[in-house]
Amino acid sequence: MPIVQIEMIEGRSVEKKRKMVKGITEAIVEAIGCEPGAVRIIIRDIAKHNIGDGGELMSDK
Amino acid sequence: MPIVQIEMIEGRSVEKKRKMVKGITEAIVEAIGCEPGAVRIIIRDIAKHNIGDGGELMSDK
Amino acid sequence: MPIVQIEMIEGRSVEKKRKMVKGITEAIVEAIGCEPGAVRIIIRDIAKHNIGDGGELMSDK
Amino acid sequence: MPIVQIEMIEGRSVEKKRKMVKGITEAIVEAIGCEPGAVRIIIRDIAKHNIGDGGELMSDK
Amino acid sequence: MPIVQIEMIEGRSVEKKRKMVKGITEAIVEAIGCEPGAVRIIIRDIAKHNIGDGGELMSDK
Amino acid sequence: MPIVQIEMIEGRSVEKKRKMVKGITEAIVEAIGCEPGAVRIIIRDIAKHNIGDGGELMSDK
């Protein structure tokens, strides 16, 4: 713990995810004082036709 | 907010998802009085071999 | 299935949740053609100090 | 209910998932006394480049 | 990993949760061959007025 | 989007959550280049008797 789950639009590179995971972990450690090894992050890539925004699919916008 | 996450069996068409997202958003807006633009929906398609129902995989039924 | 999880700001009445659950279920049934009894909905009430929006807690806005 | 969501590293066989779903369902039934048919399980397979552990992607370890 | 999230109706005793956590962990270890220490379980207690079943709140049934 | 859900042990102060939400949002913006206003974060406080770790409740450790 903490366990972090992130939903984001698919297509981000592994390099961006690597940077994101590093930055989020550092932010949590600094804010709450836990060990970095305690932070687990799950990223879920979501296709635009699986996201609804204001009643429309994001793929239709 | 609200944020809606939906798990459903994979294979539904984009047309069905479009209709579902529209209908759910309207239902939430009517029930709680928020703006349509505040409703965010995430759909996750799940394969039948990743669903357990009564101790069995749905793909085995 | 489908399984629906909804995060919303705490404080909505049971009457609003009742209406919301009915409306969402009808919208899903109409869109994808499943049985009403197959739709399971979980509502999670979230305090404003547990929601981040644009880098700020919603309770600070 | 109960509804169980499991995130695990992708690549497990259907046979292992079958055994896991059976075992988890039995464990829940024995512990809380519900019907097996009430237990719904969702498995989400996660790629190693979508898992952060201690600030690093699991695919980098 | 694996990470397990369980939604269940509120009111189960700590003793039942203790037994459930033990049983689920053993079932996962036996099925997929991971270490017990790798299994993390989150239980979320849900009030009946926050559960929709077939279009109705569970608290209305 | 992105939508971030965080499970953590209950008891952290609002001040720590404020700092955490700010830091996570900045880390995501820097890594993937989205607008800060697009980042939505949900924090769920979990009691130790609702967390399983290695087959035991965290409250028993």
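Going by the order they are written in, the chains are A, B, C, D, E and F; count residues from 1 in each one.
We adopt the following convention: contacts are C-beta pairs under 8 Å (C-beta built on N, C-alpha and C of every residue); 3 or more make two chains touch, one makes a residue touch a chain.
Remember, predicted model here, so these are calculated numbers, not experimental data.
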Identified repeat of the A-F interface (over half of residue pairs identical), from D-E, A-E or C-D: D-E
Distance from the mean Cα position of subunit D to that of subunit A, given in whole angstrom: 20
Subunit A residues counted as touching two or more neighbouring chains: 1, 3-5, 7, 17, 22, 24, 26, 40, 42, 44, 46, 51
Interchain pairs in contact, sorted by label: A-B, A-D, A-E, A-F, B-C, B-D, B-F, C-D, C-E, C-F, D-E, E-F
Sites on subunit D touched by subunit C in the complex: 1, 3, 40, 42
Contacting residues of subunit D [partner subunit B, same complex]: 4-5, 14, 17-18, 21-22, 24-26, 36-37, 39-45
Complex contacts: residues of subunit A adjacent to subunit B: 7, 44, 46, 49-57, 59-60
Contact footprint of subunit A on subunit F as seen in their complex: 1-9, 12, 16-17, 19-20, 22-24, 26-28, 30-32, 46, 51
